[in-house]
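Dumping the structure here so I can ask a few things about it.
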Amino acid sequence: MRETLVIFGVLLLAVSISTAQQTRLENLHNKTILLFTPHPDDDVFGAGGTIVLLNRNHNRVHIAVYTNDDKGSYDPEMTSQRLAQIRKAEQEASEGLLGTAKENISWMGYDDGMLEYAPQPKLTEEATAIIRRIRPDVLLSVAPGEWFERWHKTDHRMAAFNTIDAVRAAEFWLYFPNQKLQQGLEPYKVPEMYFFYPSPQEANYFVNIDEVAELKFEAAARQVSQFEPAVNKYRPDWTAEDLKKAKDEMRHEQPKKDGHYVEAFRYATGFNQF
Amino acid sequence: MRETLVIFGVLLLAVSISTAQQTRLENLHNKTILLFTPHPDDDVFGAGGTIVLLNRNHNRVHIAVYTNDDKGSYDPEMTSQRLAQIRKAEQEASEGLLGTAKENISWMGYDDGMLEYAPQPKLTEEATAIIRRIRPDVLLSVAPGEWFERWHKTDHRMAAFNTIDAVRAAEFWLYFPNQKLQQGLEPYKVPEMYFFYPSPQEANYFVNIDEVAELKFEAAARQVSQFEPAVNKYRPDWTAEDLKKAKDEMRHEQPKKDGHYVEAFRYATGFNQF
Amino acid sequence: MRETLVIFGVLLLAVSISTAQQTRLENLHNKTILLFTPHPDDDVFGAGGTIVLLNRNHNRVHIAVYTNDDKGSYDPEMTSQRLAQIRKAEQEASEGLLGTAKENISWMGYDDGMLEYAPQPKLTEEATAIIRRIRPDVLLSVAPGEWFERWHKTDHRMAAFNTIDAVRAAEFWLYFPNQKLQQGLEPYKVPEMYFFYPSPQEANYFVNIDEVAELKFEAAARQVSQFEPAVNKYRPDWTAEDLKKAKDEMRHEQPKKDGHYVEAFRYATGFNQF
Amino acid sequence: MRETLVIFGVLLLAVSISTAQQTRLENLHNKTILLFTPHPDDDVFGAGGTIVLLNRNHNRVHIAVYTNDDKGSYDPEMTSQRLAQIRKAEQEASEGLLGTAKENISWMGYDDGMLEYAPQPKLTEEATAIIRRIRPDVLLSVAPGEWFERWHKTDHRMAAFNTIDAVRAAEFWLYFPNQKLQQGLEPYKVPEMYFFYPSPQEANYFVNIDEVAELKFEAAARQVSQFEPAVNKYRPDWTAEDLKKAKDEMRHEQPKKDGHYVEAFRYATGFNQF
Amino acid sequence: MRETLVIFGVLLLAVSISTAQQTRLENLHNKTILLFTPHPDDDVFGAGGTIVLLNRNHNRVHIAVYTNDDKGSYDPEMTSQRLAQIRKAEQEASEGLLGTAKENISWMGYDDGMLEYAPQPKLTEEATAIIRRIRPDVLLSVAPGEWFERWHKTDHRMAAFNTIDAVRAAEFWLYFPNQKLQQGLEPYKVPEMYFFYPSPQEANYFVNIDEVAELKFEAAARQVSQFEPAVNKYRPDWTAEDLKKAKDEMRHEQPKKDGHYVEAFRYATGFNQF
Amino acid sequence: MRETLVIFGVLLLAVSISTAQQTRLENLHNKTILLFTPHPDDDVFGAGGTIVLLNRNHNRVHIAVYTNDDKGSYDPEMTSQRLAQIRKAEQEASEGLLGTAKENISWMGYDDGMLEYAPQPKLTEEATAIIRRIRPDVLLSVAPGEWFERWHKTDHRMAAFNTIDAVRAAEFWLYFPNQKLQQGLEPYKVPEMYFFYPSPQEANYFVNIDEVAELKFEAAARQVSQFEPAVNKYRPDWTAEDLKKAKDEMRHEQPKKDGHYVEAFRYATGFNQF
C-alpha cells in the first residue's frame, strides 16, 4: 500500500516540524477547520483558546463530538439520559462562547465510555464521511500516543486512533466506496493536522493564548457539571466562590511556555508523516 | 468527561511519586488489598514477596485470576482440562505459602491466551463488579505499558488495560448501573494502585523483600508445571536437584537494588494521575 | 504461564543483541525463512535486499501476504477487484526479481485496510498454521512498536501483533489443538526473529545491502501501481523518466549506516526475550 | 454428537406428550423449580397462576430474569435507570404475591431490548451456571417458536434459544469446563421442561388456574408501570377505576379451555425430544 | 415489557385481518409511506404495482434501500464498484417509472449479501432513525417468515427482522435515546404495516394491480442487469426480443387471484399484533 | 439481487419435487458428491445408507465436517482433546465402512457446540471455498428448517444455514473475490441439493436402503463413544451384548416407508427454488 513509500526511509528521520507548514495555525483565515473530540469538553480544555483565535479569523470551525458524556457524574441522583441532555447544553454554551455556532457541532451519538466497543470499521466509516463532507483545510484531534494508550484506553484512545484511520480512509475512494457511489462523497486528503493533549515529549507546536485565556476559562466553566460541586451533586449554576476557585485552578494548570499561556499540539502532515 | 480536568495541565508534569502517598505499601496494616493477575502465577512472580509482607501485617489480600492458564505446557500428553486443574491446585498451594487463603482467590474463568478475545465491555463489567464488591484500599495489577504492548499482546495487555478500565468504571455508578440497581453494588473509587512488571523506565516504587525472598522462591516453586522438567513432561513434584537449580535461577533473576532483593512497581493514584 | 519466568528478572535488562545469535542473517545457508508482510510490497520495501541475499544463499524463502492491497489508488477509475489483480501480479514480478518463486508466496486473502477488523483469534489461528507448516529457522515480520501503534493502526499494527501472537501460539500445541488433531500440524518454536520497519531507537541489527541495492530498487519499481504516476492514473508500465525519478528517490530514502546502504531490523529470539 | 441418536428416528414422530411425565406440574411437591424470564413480568403474565400453585405445594421456585426492562415506557420524563429501579421493585412485589421470596429472584443484568446483542456464548455460559447451581427438577422458560421468531426477535427469542442452549450445555461438563474446574459446578441434566407463551399449535399442556386466577391478576397488576395510565405517564399506584379496568381486560384475555382459566405450555423432556 | 400485555391472551387468536384497518392501502391519499427493501429491486418486484397506485394518489412514498446489490452478476468482467453504480442508476430509473422521485430514495450503504453481518444493534439504530424522521402512516417491508428464514438467510431475513425491530424501537424513546437528545428525533409509533413477499399461508391482503401491471413490468425491466442476458454479460440495454421474453415471464409469474393480477401482503398493526 | 426474480412468482407454488430432477440420487454414477455435516456422525446417521449406494456406484464422495465433536461425553474423566482424537478415528472408521476414503474427509476445525459463534462471514467464506474447489454435482447437507431452528440452535442450525449461504455465494464470483484472484477458485453453481434430517412435513425424497441398512448400522456403531456405555464411561470397544442392543435400537428407529428402510431428504435445486 502506498504508505510504505514513506516508511521506506523513516529510520533516520527525527521528530520535528516539517518545513511544509506554510501558515501558523493561529494565523489562518477563511479556512475550514474540523475538530474531533472524544467528549463534549475535550475540545474546550485541549484547544479552546485556539478555537477562539480561529473563529476570530473567520475560519469555519466544525466540531464533531464522538460521545454523549453520559456517565461522568458522582451524583447518585443523576441518570444517563439527564446527564446527556445537560452535557449537550453545556457544550453548546461553552463552544458558543468560543465563537462556534451550535449548528457547527455534530454529535456522533455514542455513549460515554463505550467508544472502544463501538462496531468497527463502522465507526471509521462514519468519521470518514464527516471528513469527506466537511473537507477541512486543517483537522484537529486528540493525540494518539503512549501516554493515552495507558491511561485512556477507552474513548480517548479510540477517538484518537479512529480519527487518523478515517483521515487515511478519506483519501482513497475505495475505502467505503458506497459513500461516493450512493452519497456522492468524493475522496479527500487532509493536508494538515494538529493533535491536542500531546504527551510532553511529542508536543512540537505551541499556540500562545494569552489574549484569550480568560475567555477560554470562562467557556470551560460552562461545562458546569464536570466541576465540583456540580459533579458531586448537580446544580446548573455556580456560586461566585466556586467559580473563582475553579478558574484559579485552571489558571494554575494551563500549560505555560516562556511565561505565556500556551496550548500544545503535535503537528503533522498526512497520516504517515511527521 | 471528568478526567479531562486533570489532563488539562498534564503537559509539564514529570513522572514521579505523588506526595499523596501516606504509608508505604509494605507498612500497611488491616487494609483490604485486591490484586488482579492475568495467569495464576504472575501474582507470585511479580509481587510474591510483597504479598507475604501484606499478609503478615494482617491485611486482607484478595487475588482475582483472569485465566485458567490451560495452554502453557510442552507436554504432548497434556490436555487443557487437566492442565487447568493442575494450575488451580498449584496456585492455591503457592499463594497458601504466601499466606493467602484459598477462599480469597477468585477465578474469573477465562481460557489461557484468549483474554484478548473475551467479549468487551463484559470483561470490564466483571472486573468492575469485583472492585465494587471488594472495595480495596490498594489495588495491584499488571502494568500496562509500551513493553507489554509489544511482547504481551494477549492476556497480559488485556488484563492490564481491562483492570484500569474497571478502576475508572467502578468510580461512576452510571457505568454498568445494573450492578447498583440489581446487585446493590455501590460505586467505589480506588485510592492507590501499584503495578507490577513495570518497564524499567517506569518503575517508581521498590519493596525490599530480603526477608521473605526465600519464601517467595519456595512459593514460586509450587507452580511446578511451569518449570523444567515438568513443563516438558508433567510430574507433580521436584527432584531435589531440579528444585535447587530452579531456585538458583530465581535468586539470580530476582531484581536487586542497592544490594537488596526488591520487587518493582509503578505507583499511581487514581486512574488519571501520576 | 511459562513466559513469566523470563519477565521475572526483566527489570534490569538492557535492550541489546543476545549473545545467542550464532550466524548473521545474511550468512545463513540452506535454511527455511518465513516472512509475513501486511501488504504485497512491505516485504520488498522493508527487506528486499536481505531477501536477495537469502535467496542467493540457497535458503528457502516463503512470503505470507496478509492483504490484497485493493484500496491504495487515487485513480477514480480503479476498482478493488482490478487493483487486487494488479497488485498480485506486481508482487509476483517484484519478488521474482528478488529470487523468490511465485509458488512460495501464500496469500492470506484479507482486504486492504481491513485487517484490524478480521475476526480474532481466527487470524492468529491462520498465521499459527502457516508457521507450524513451514517451520522456519528464521521468521521476519513487521515490527510492532510504539511508532506503528500510532501511525499505522490498521494492517501494519495488526499484522505485527498477530504474527508474534502466532509465534507464541505455534509453540504450544494446546493453542488451536485441532491443527494437530485434525491436520497433523505439530507445535513449533521459532528460534530467531527479525523485524523490519523498526523504530529508530529499537533497530539493533543492520544488513549491508550495497551489493544488491540496485536490484532491490528495480524490484520495488515493479510495484508500479504504488508509484506516481500510476497511483494517480493507472498504467502498467514506466516511462524512462518516471522510473529514473522513482529510483533516485529510493536511493535517497534508503537508510544508510557508515556510508553503506542498510536494511534495519530489530533482532529477537523467542517471543518474550530481547 | 450424542443428540443425533434421537434425531435418527425422528421422522415419524408426532408432537405429543411423552408418556415419561410422571407427575403433573401443578401436583409437584418439594421440588426445585427454575424459571427463566426475558423481562420482569413475563413470568407473571405467562405462568403466574402456575407459580402460585407451585409455591403452595412447597416447591422451591427460583426466577432468573434476563433483562432490567428499562425501556418500555411512553413517559417522556422517564429515564432508563429510574425505570429499571421501578421494574425491579414491581417484580419483587408481583412475585411476592405469588409466593416467591425476593431472595429467589436472580437478576442477570442485561438491558432491555439488547439481549439479542449480548455476547455469545457468554450469555449461554451464564445461564448454564445458573442451571448447574440450582439443579432444577423442572425448568420453565419462554417457548422458542415460529411465532416468536417473527414477532419477538429481540429478548424473547434470545431468551428462549439461550435457555435451551444452556440446558444442553449444562448436561456435558466439557461445555464451559471452568465452571467445574474453578467453581465446582457439576454437570446437570434437566429432566423436564415447560415452555410458556407457546404458539397455539404447539401448546400441549394446560394448567387449570381457576382457583388462583384472581391472585394472578392482582399480582400482574403490581407491574404498574406496564399498564395504562402509568405506562404513558408514570405513577406508582392505581386509581380504583383504572385497576378495575385492567383486571377486567386480564380476565377477558386470560386463555380459557373448556370453560376454565388455563395457562398453556409446551411440555418437553430433554433438549432434543418432544 | 409492555408487549407482554398483548401476548397475554394470544393463545386463542386466529391469524386474520384486524378490524382496525380503516382504509385499504390502495385507497390512501396524501399519506406518508415508507418502504424498506433489502436490495434495489425487491421494492419493485414485490410491491411495484402498489407503489404506482400510492404515487398516483399523491402519497409521499419513501424507499429505504439496505444494500448496494454489488454482487449478483455472472459476468466475469464485472466488479463490485461498477455493479453498485449500475444498480443505483437502474433503481432510480425503475422507481422513477413508478412515480417515486430520486430524492425519496435513501441508500443505507451496506454491501450486498453482507447485511447479516452488519453490526447490530447499529443497523437497528439506523432504521429506527429513518422511521422517526419519516414518521410514516404506513410502513412496507419484506415479510419475516419461516420461508425466508430458510431460503434467504442473508439480506432478506436480516432486512425483515431489522425493520420490525426498528418499528418496535422507534416507539419508545429510551431505545437509542441519543436520537432524541442529540438529533431531536421524537419516538414514533407506526400504525399500519404491510409485508411483501409473504409466505402463501400468511398472505392476508391482496392489491389488485391489473391497471398498472404493464407499467410495473416495464419498471422491473429497468433493472436490466438482473435479467438475462445482462446478468451473464453486462449490457445496459435490451434487444426487443429479450425484453419481450422477460416481460412474458413476468406476466406468467405475477401472482393472480380470481383472474386478476395481484400483489400479496401480510397486513399487521403494531409490532406485536396480527 | 437476482434471486428476487424467482421469488417474484412464489406465492402460488406448492412444495413439491421439481420435474427438473433427471436421475435419482441413488442411481448416479461417476459423479462428484459433497456432503457437509455438523458433527462427525450426522453424515452416517442421516445419510449413511445413501453414502454406501453412492460409493458403490463409483461416485467421488467428499465429506466436510464442521466440528470436532469434542464435548458430547458424560464421562467425567474425558477431556476435549482426547475426545476430539477419538471422534476423528471413529469417523474415519465409520465412513471407511461406508466406502469413503479417509483422504476424502476434510475437517473444518471448529469446536463442538461453538459453531454458532464462529466468526461470520468467515465461516461462509470457508464453506464457499470448499464448494468452489470440489465443484460437486450433488450437495448434501443438514436441513435448515423450523424444527431445527427450535431444537438445534447451535451447530446444526448454523451448519444448515451456513452451507446454503455458501451455495449461494459460490455462484457469484464477487462474493469472496480473493478466492478467484488469489487462489484461482472459479465460481460454481451447485445444480442439485438433498437435505438430510428434514422435518416430517418437508421430506420430499426417500432413498430405499434395505439392501445396505445393516452395513449402515455397523458403520454407525463405529461411533462407539456416542453410544451407551461408552458415552458414560469411555471404552473403545463393544461387548457383544451392548452392540446387539444398540443395533436393535437403530433398526427400530430407522425411518420406514411402505415397509422399507428409508433415508428421508428434502430435495431442492438452486438455493432459491423448491
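For clarity, chains are labelled A, B, C, D, E and F in written order, and residue numbers in each chain start from 1.
Throughout what follows, a contact is a pair of C-beta atoms (placed from the backbone, for glycine too) under 8 Å apart; a residue touches a chain by one contact, two chains touch by 3 or more.
Computed from a predicted model, the values in this text were never measured in an experiment.
J.: Which neighbours do subunit A and subunit F have in common?
T.: B, C, D, E
J.: Centre-to-centre on C-alpha atoms, which chain is most distant from subunit F?
T.: Chain A.
J.: Among all other chains, pick the one whose mean CA position is farthest from the mean CA position of subunit D.
T.: When every chain centre is compared against subunit D, the largest gap points to C.
J.: Between subunit C and subunit D, what distance separates the C-alpha centroids? Give it in angstrom.
T.: Measuring from centre to centre gives 55 Å for this pair.
J.: Express in whole angstrom the distance between the two chain centres, defined as the mean CA positions of subunit B and subunit C.
T.: So the centroids are 35 Å from each other.
J.: Whole-Å distance, subunit B centre to subunit F centre, using C-alpha means?
T.: Using C-alpha averages as centres, the distance is 48 Å.
J.: Could you tell me which residues belong to subunit C and also touch two or more other chains?
T.: Residues 79-81, 146, 149, 174, 177.
J.: I'd like to see which chains touch which, written out pair by pair.
T.: Contact pairs between chains: A-B, A-C, A-D, A-E, B-C, B-D, B-F, C-E, C-F, D-E, D-F, E-F.
J.: State the interface residues of subunit D toward subunit B in the complex, per the touch definition above.
T.: Those in contact with subunit B are residues 68, 80-81, 84-85, 88, 107, 109-111, 119, 122, 174, 177-179, 181-183.
J.: Where on subunit C does subunit A make contact in their complex?
T.: These residues of subunit C touch subunit A: 38-39, 41-42, 45-46, 67, 69-74, 76, 78-80, 83, 112-114, 116-117, 146, 149-155, 197-198, 200, 203, 226-227, 231, 250, 252-256, 264.
J.: Which residues, counting only subunit E, touch subunit D once they are in their complex?
T.: Its residues touching subunit D are 1-5, 7-13, 120-121, 144-146, 149, 161, 164-165, 168-169, 171-175, 177, 187, 271-272.
J.: Mind pulling up the subunit B residues that touch subunit F in the complex?
T.: Result: residues 79-82 of subunit B touch subunit F.
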